[in-house]
Each structure stands twice: as C-alpha cells, then as structure tokens.
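In what follows, chain A forms one complex with chain B and a second complex with chain C.
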Partner chain A sequence: MATKIINKTVTEFSLRITRCFFVPSKTIQTNATLFQERLETSITNVEEQLPTTIRPPLPIIHSRKLAFPPKFKAPRQVWVSNMDTVEEEKLGLIDLHPEVFAERPRVDIIHENVRWQQLYRHVSYANTKMRYEVRGGGKKPRQQKGSGRSRHGSIRSPIWRGGGIVHGPRSPTPYFYMLGFNTRLNGLRSTLSAKLAQDDLHIVDSLDIPTDDPSYLEKLVEERGWGPAVLFVDDNDIMPLNITAASDSYGHYNLMPVYGLNVYSMLKHHTLVLTLAAVERLEERLLFHLNRNDAASAGQKYRLDSV
Partner chain B sequence: MASVAARSFVFRQQMNTRRFDFASCLNIKSFYSSYSANPKEKSPENYTQYHEVSSDNWKFVERLKPPTVVPSFPKNGSCFSDWTPPPDTPPNLPYFVKRTKNFMVPVYLNFEAVRNQRKITMVKHIEGDIWALEKAIKSHLEEVTKRQVVSQVHEVAMYIKFRGDYVLHVKKWLLNAGF
Partner chain C sequence: MTSLLGSMISTLGMALRYRPLIGVSSQVSKANALFNPELTTVRFRYHADKVAKGPVPRRHGYEEKLFQSGLLPRKVSVDKALPMPTYKPKNSWNEKRALFGQNDYIDILGPSNEISQKTLHPTQLLYHVPPWLRGVQGNEYQVLLRRRKFVQKKGYALGHPTKWATLNTRIKKLYTYLNHKTKSPFWKHS
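What follows is the complex of A and B.
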C-alpha cells in the first residue's frame, strides 16, 4: 500500500517537473526503492531530517561594487537573507543602486506598463455583420417611384431594423502596440523602487532549499511575513530542483528568470524575492540602458511603422 | 537533384539599364539549394593570399569603434564651447537639477504649436522642492526680461515649463546655481 502511494507521487512529480531533470516515469516505477527513502523522510517529518546548516562567520556578503557609482544619491542598503532554514538568517548587507531601486515611482508610467501588458496580446473576437453580410437584402424592396412610400435599395441597409451594422466591432481586432522603450525601462525602475520602499523586496543569496517539500516553502514564507504571493527571481532560467518541486503545487509561489521580470507580475505578487545574481544582472542591464551611448537604437527593433 | 536558383534578374536588370555586354552575363550569381550541390572549396593557392598581422594592431580597430556606454568627460583642460562640467559637490539648496547622461544641462525648447509658434522652455530631471525652484527661476526670468512669465509645474513627472524661449537664461541661471 505504502509502495503504491509512493510510486504514484513519484510519477506525478516526474510528469510535472520537466525543467529540472527529465526522468522517465518507467524507470522511477521500477526503481522506486531508490527514491523511497528520500520521499519517506520528506513526507513524514521535515524538521528532523533537515541537515543543520554550517556557515562561516557572518557577514558572508558585505560589499558590492556599484556600476556607474551614484554621485549624490546614497545607495540603498538591504539585508541578504538565506533560504536554507525556515527562520530568517541575515547573511550580510549589500548596496543597491539608487537609480534602479530608489527612483521616484511614477504611478502613471506603472499604469501605462500594466495597460500595455494586458492589451498588447488582446484580440477582440466580437463581430457584427455589415449590410452585405446580413442574409437577404439583394433586391430593391419596391420600385423607386409611385408607391408613395420612402425609397429604399435593400432591406438590410443600416437604417432598417435587422439591417447591417455600419461601424460595429469586426472580428478579429488586435490591440497590439509597443510601448516606448524608455517607458518600459522606467516602469521597471519605478516598480522596483516602489517594492523596496514598501518593504516588499527581499534579497536572498540563492534559491537552494534543503528539501522539495511544499510545506517547507509555505512555512518559510509564513515565518518571514512575506506576502501571500511571492515571486522568486533568479538569473538562470533553470531553477534548482527542490524549489521547483516545492513551489509547483502553489499557484502563488512563482519562479521567474530575470529576463521575464515585468511590471504586471511584480504588482500581482505581494513580495518580490531576488537572488544576488538576479540583482547583479538587473542592475547591469538597467544601468547600461540608462547610460548607453546610442539611445536611439535601443528601441530600433520595436519600431513597427517604419520600414 | 540539384536545382539552381539562378539570379537571372540581375542579368536582366543589367540588360535594361546599360548596353548589352557579353562580360555582363557572366556576372550571374547562383545560389544552390543544397550543400552538396554547391561547388566545394578549392586548395589555398586558388585564392588570394593573406598574411596575419600582429594582434597588437587590433587596438587601431578598437579605437575606431564607438563606445557602448557614454564615456566620462576629461577632468582637466578647457572646452572651447561654453560647456562646463558638473560640479563635484551639490549646491546647498532644497532642490537639485541632475545633468543628463551626456552631462548636459536639462533645459529644452519645445514647440507646442496649435496655430501659432508657441515656444516652451522645459526644465527636466528635477529632484526635491520643485515649487521653490520654479519660484527662483521665475523671479530671475521676470527680472531679466522685465515681463511676466507664465509657468507650469508638473509634480508627477517633475518638470517645469515656461512659456517663451528662455533656454539660455535658464541654463545660465542653473550653471550659476551650481547644477
């Protein structure tokens, strides 16, 4: 009985975790004993089985060189936490560049970004028939003169009841447009700044957790007072196995690579958790675009109305 | 089976534009559809000679390439234009006007023409007490031009607009203020 349950959960895992290690379900079923021990320990008792984390003397991370050092604005300092234990352990204090994380949040730009993200992929399938599409209406209803009544050419003209609609919705109508490059750039800056200012931004050293049990992640988030929905952002798009497995059953814990970071997702999730690597990459990219020599070519590939 | 997609339109174009020349029809470019159909590379003596130059000479190529990021300005030496570098310490004022990424003073002349040529002087990249800055610049402009100046303060986007062409006056005032 126990073996059957374990086999079922193992196959479920293997089907859902596709990005980490591809393990065919057949081999898992036959070699269930290999995973049995690990699963038994993770299902039964989390706290007892976790290895005690041994750390060098803190602070581990204590300095960070900022690219394009800010002249008159002070860098914002944030704690670097761990993901090894449920309780938060501060590993160090790092600087964040003020031009990325301490900009005056432009609510109008954030709104524009959210509107763009929702609208650019929207296609309206609403449709109405025009006078030539409505069934019938090919024949002149009555002769032009003599009847004493008004003159008409077709019973489906727009002035008739049941006639065609002149300026109605025509399916499919795309609402695609590209928001300006700098608007999108400033949207990211504004949202990151707002998140940091509202204590919804946390930095962790990496997304490695000791177990793939979903309840570990839930306990961790609850313990630290992170919001109901958490967005974990790392530089790499292939995330560690444990956090992928743990967050898989939750719709509100999401993993995202840095290149997928967007204003809508940051607002949708209450808490934003960045790894150190993600912070480095984010700052490097955003600061490059803010200080690049050829600003015009930044938006070149998004120009749609010019050849 | 190799199918030759010959660019004979090149030949036809040449025919139309200039007099027919037998040599011109040898300029047909052929693009073969598969790798195996293409003529293979011949031995090196069939091609033009080349010699490797020392890799130290790459610096002559690199210095021709434009910089990807705005380079810093030279600290010493005078500029023959009236550009002054941004100061190292900010002035002791409740507001601050940041230079652009090219170290220019952020004052622009806009033409917001509906029917007439309405010139607007715009000051961007403002931080701090924007109203105090507006008051200071406005009083200076009214003193200099001896006429009333109309202004707009946009607190969200943090810019100030003055109706009229006062770009040089505003720039001078900002440089004197120490921005």
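What follows is the complex of A and C.
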C-alpha cells in the first residue's frame, strides 16, 4: 500500500516533488538531521563568504562496478561533478553502462513515446446533442401536403438550424492506449543515450548545495553552461532542503525522483543532471528489465481492470 | 578565323534585333516573320521587375469583406475603441507543464523486485480522469456500457433521472445502429 511521507521541516516551502508513493527499504538520512548540520555552519550571504570546501585529494570517486557487464560495447565514461561550489570541480570519472546510455537513439521510438505520454491521459469532453436530445422537435411542424412548403417531421432534424448534430463529438471520448512495455523501455534508453551523446547529461555526487539562495543555483547553472532548463534527478523522492527552496522560485529548474523520469520531461528540459545514486538506481532498473527471464509476463498487453 | 567569327557575331547581332512588322505587307516578309532561322525571341519582361515596382495584386476579382483600414469598432457616444483582451503568453514552466509526464514510466522505473512493494501502473495515476474511465479504450458504445455498469449501483436513476434515461436511450440506439445498420469489421468475419 502506498504511504505518504511528510517531513515537517520542509513543509514550509512548496515542494517541487511528486507525491511520495514508496518507502525505500534502505535507511535514509532524514532532512531534519541534514538541516541541523547546515544550520550550524550556514552563512546567509552567497558572494565570497561560502566556506571553502575542503576535500581529500581528487579523484574521490574512482570506479563503478557495472551490473550485467557489457560484452560487445565499451562502457561510456563521464565526469562526476560537485554541487558545493559554483565553479565545477571534477570529483572523478565513472563508467556508464552502454546498454542504457549508449544505445543508438531511435527517433521514431522517442516520438512514439512522446505521443503516447501526451495522448493516453487525454479525454475529450466535447459533446453535441443528437436530434432526439435537443429540446423540442416532437411535433410535425406542418402537415405533409397542402402548404406548398417543404415537408418536415421535426424542427430538430439535422438539416434544420438548431437541430441535432449527426456524427458529432460524444462526451467523454477517451484517447487511452498503452504503448508496449519494450517500446517504452527503449524510449527511455534512446532518450538517455541521446542526452549523453549531445552533452546534455551531467552526473553529480549529490544535490546538496550550501545555501537556499535561488541566485546560487542560477549562477551555478550559468557558469557550467547547463541549458536554460535543468532537470535534477535523485534516487530519493524527498530532496535536500536547500535545493528545494532554491529551485522553487524557478519553473525551469525541476527536481524529480528516478521513478518519475520520463521521455517527455527529458526532452522538455535541456539538461539532465543525475546524482550517482540516481544513476545506480536507473541502471539497475533498466538492466533488470532487459535481462529478466520472465520478460514475456511483463510485456503482456494491458488489460482493463487487471491492475 | 577571326574574320569569320566576327562575321558570325555581326549576323547574330542583326538577327537578335527585334524586327516589328510595320508597313510590310508582302507575303515574303510575312513568311520571313513566321519562320526565319536568323530571328529568335528574347525575354524582355521579368516578373522580378514587376515585383520591384510594387506589391503584385493577388486574387484578382476577389472582394475582401473585412475592414482592412479605418477606425477600430467603437461606441460613438464615448468615442473610445472597444477594449481588446491584452495578450498574455502562456507560462510554459508552471507546475503542471514543467512536470508533465512525470511517473508515466513508474511500472518500469519503480520498485518491483522488493518484497514489500508492488509496482504501480500509470493507469492508477490518472487522477483527473473519472474512475470508471481510467485505462478504458473503446468506442462510444463500449464506454457508455461501462458507465452504466458503474453508475447504476449508486442510485443514479433516482438522482439523475433525465441523464439516466438519455444514457439508456443512447445505448439502445447505438445497439440498433451498430447491429442492424452497420457491418462488422472485416477481421470479425470468419
């Protein structure tokens, strides 16, 4: 059963996160403890008063073990950046699985996915009345013969002004359909690969920023040349307080958990920023579905009232 | 060689001069005008020149019935143009538009192999669609039958008698139309 998690320290701000459906099984560092740590060392002014982050000698992140090691494709290597400072600091180099991030992008599959996302939830409520639904029109307007005028049976027939519409829209008309499981899976793979290939994918260690000042985030994004719109993706659906507050004033900086990721959002936002935890989760999920031995049961056609 | 070339050029030049048929009535001249290998036609009018002079009129003979000039509609007594709504561009980054499509892939990216949790399906997240319409794919007849099935339990006939009657009438009409007036699709014929 889905549960809602409400963290009282962050309810002051309007959160740009989804409803929380799951309680992840691993223990999570609550935002309350994070907030306390930050409170002790927090500084209000952004310019030139941020504490210089003391780091161990770089690189901090050395390697990453890939699940289902690729046999015929080389892993893609990406830098891992930080979010502590405005200037980019490369913390290390990691491998990304080619089956997820280096698939040949299929533009037709991406298009199918975008179309599906736009249409499957659409319901048209346009309605027109038929001749028997329009008020009136039960009586024959005039006798059949003798008047010299044309013959009619009802004033609400479709040939009359104000009459019923024959083949008009009938409310509600659902446009629901379900795209195949593998089509959607490959849509995600294609989009992620396209994003990486076009330098629109960046990996960061975590989404912890030193202040909740919105201008910090803006400066960071401008400095690094990340696109006008940025989508930050983390594994956990409760995001750190500072980035939540900072991105709240911008509509084009959005936070999303991994389970909320989708082709439309990835295309709408120019840049995709994943945390290390998000990369792990994403790869684990996609590779699980690619290598499962009961794929037939997963890829079955959707049946109404089956879920 | 050069003299030959020169003579060829001079003859060509003479041939390319436009020769009007004024004051010539002899048969030989007319024949010459009709077919003379030394004469050739030359383009001297170009559409680009016409366009350069000014806008070329389109739709010759069409009378535009909308006002193209003059004052905007106004009240004579007040003598102030009627208000037009100010254009307000849509906000592409409001909450709904920025996060459109979120959770559509929850059955792929959500947890499925953890014991305590079952995946959600995107049809379960269609909160803005009526409950009886979630995940429904069908024509009007099928949709109405489902609606009737969902609605008759809740005493819809008592609360909304006209709509209940309309629903049933529509189903009946569609039944007769689909079964008596239309043929089954080709893939249903055995």
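Here is the rule we go by: the second predicted complex is superposed on the first by the 239 of 307 C-alpha atoms of A that agree within 3 Å, B and C clash if a C-alpha of one lies under 4 Å from a C-alpha of the other, contacts with A are read in each partner's own complex, and residues count from 1 in each chain.
Everything that follows uses one rule, which is that a residue touches a chain if its C-beta (ideal position, glycine included) is under 8 Å from a C-beta of that chain, and two chains touch if they have at least 3 such contacts.
The model shown is predicted, which means the values in this text are computed figures rather than measured ones.
Student: Using the superposition on chain A described above, determine whether A:Leu241 touches chain B (first), chain C (second), both, or neither.
Tutor: neither
Student: Applying the touch criterion given at the start, work out whether A:Tyr132 contacts chain B, chain C, both or neither, answering first, second, both or neither.
Tutor: After superposing on A, A:Tyr132 lies in contact with chain C but is clear of chain B.
Student: What is the contact status of A:Ile165 with respect to chain B (first) and chain C (second): first, second, both, or neither?
Tutor: So A:Ile165 meets neither chain B nor chain C here.
Student: Is the number of chain A residues in contact higher for chain B or for chain C?
Tutor: Of chain B and chain C, more residues of chain A lie in contact with C.
Student: Taking the superposition on A as described, I'd like to know which of chain B and chain C A:Asn254 touches: first, second, both or neither.
Tutor: A:Asn254 contacts chain C only, not chain B.
Student: Contacts for A:Phe288 in the overlay, against chain B (first) and chain C (second): which applies, first, second, both or neither?
Tutor: Once the two structures are laid over each other on A, A:Phe288 reaches both partners.
Student: Could you look at A:Arg104 and tell me whether it touches chain B, chain C, both or neither (first, second, both, neither)?
Tutor: After superposition on chain A, A:Arg104 lies in contact with chain B alone.
Student: Output check: A:Leu66 vs chain B and chain C. Expected answer is one of first, second, both, neither. What do you get?
Tutor: neither
Student: Counting contacts the way the document defines them, which residues of chain A are shared by the two interfaces, the one with chain B and the one with chain C?
Tutor: In the superposed arrangement, which is not itself an observed complex, chain A uses residues 288 for both chain B and chain C.
Student: For the complex, give me every residue of chain A touching chain B.
Tutor: Touch list, chain A to chain B: 71-72, 104, 106-108, 288, 290-294.
Student: Over in the complex, which chain B residues touch chain A? Could you list them?
Tutor: Its residues touching chain A are 66-71, 86, 90, 96, 101, 127, 156-158.
Student: Which bits of chain A are touching chain C when the two form their complex?
Tutor: Within the complex, chain A contacts chain C at residues 2, 16, 18, 21-22, 24-25, 117, 120-121, 123, 130, 132-133, 170, 172-174, 176-178, 181, 184-185, 188, 229, 250-252, 254, 256, 258-265, 268, 282, 285-286, 288-289, 302, 304-305, 307.
Student: Any idea which chain C residues touch chain A in the complex?
Tutor: Chain C reaches chain A through residues 91-95, 98-114, 116-117, 120-124, 126, 128-130, 133, 135-138, 140, 143, 166, 169-170, 173.
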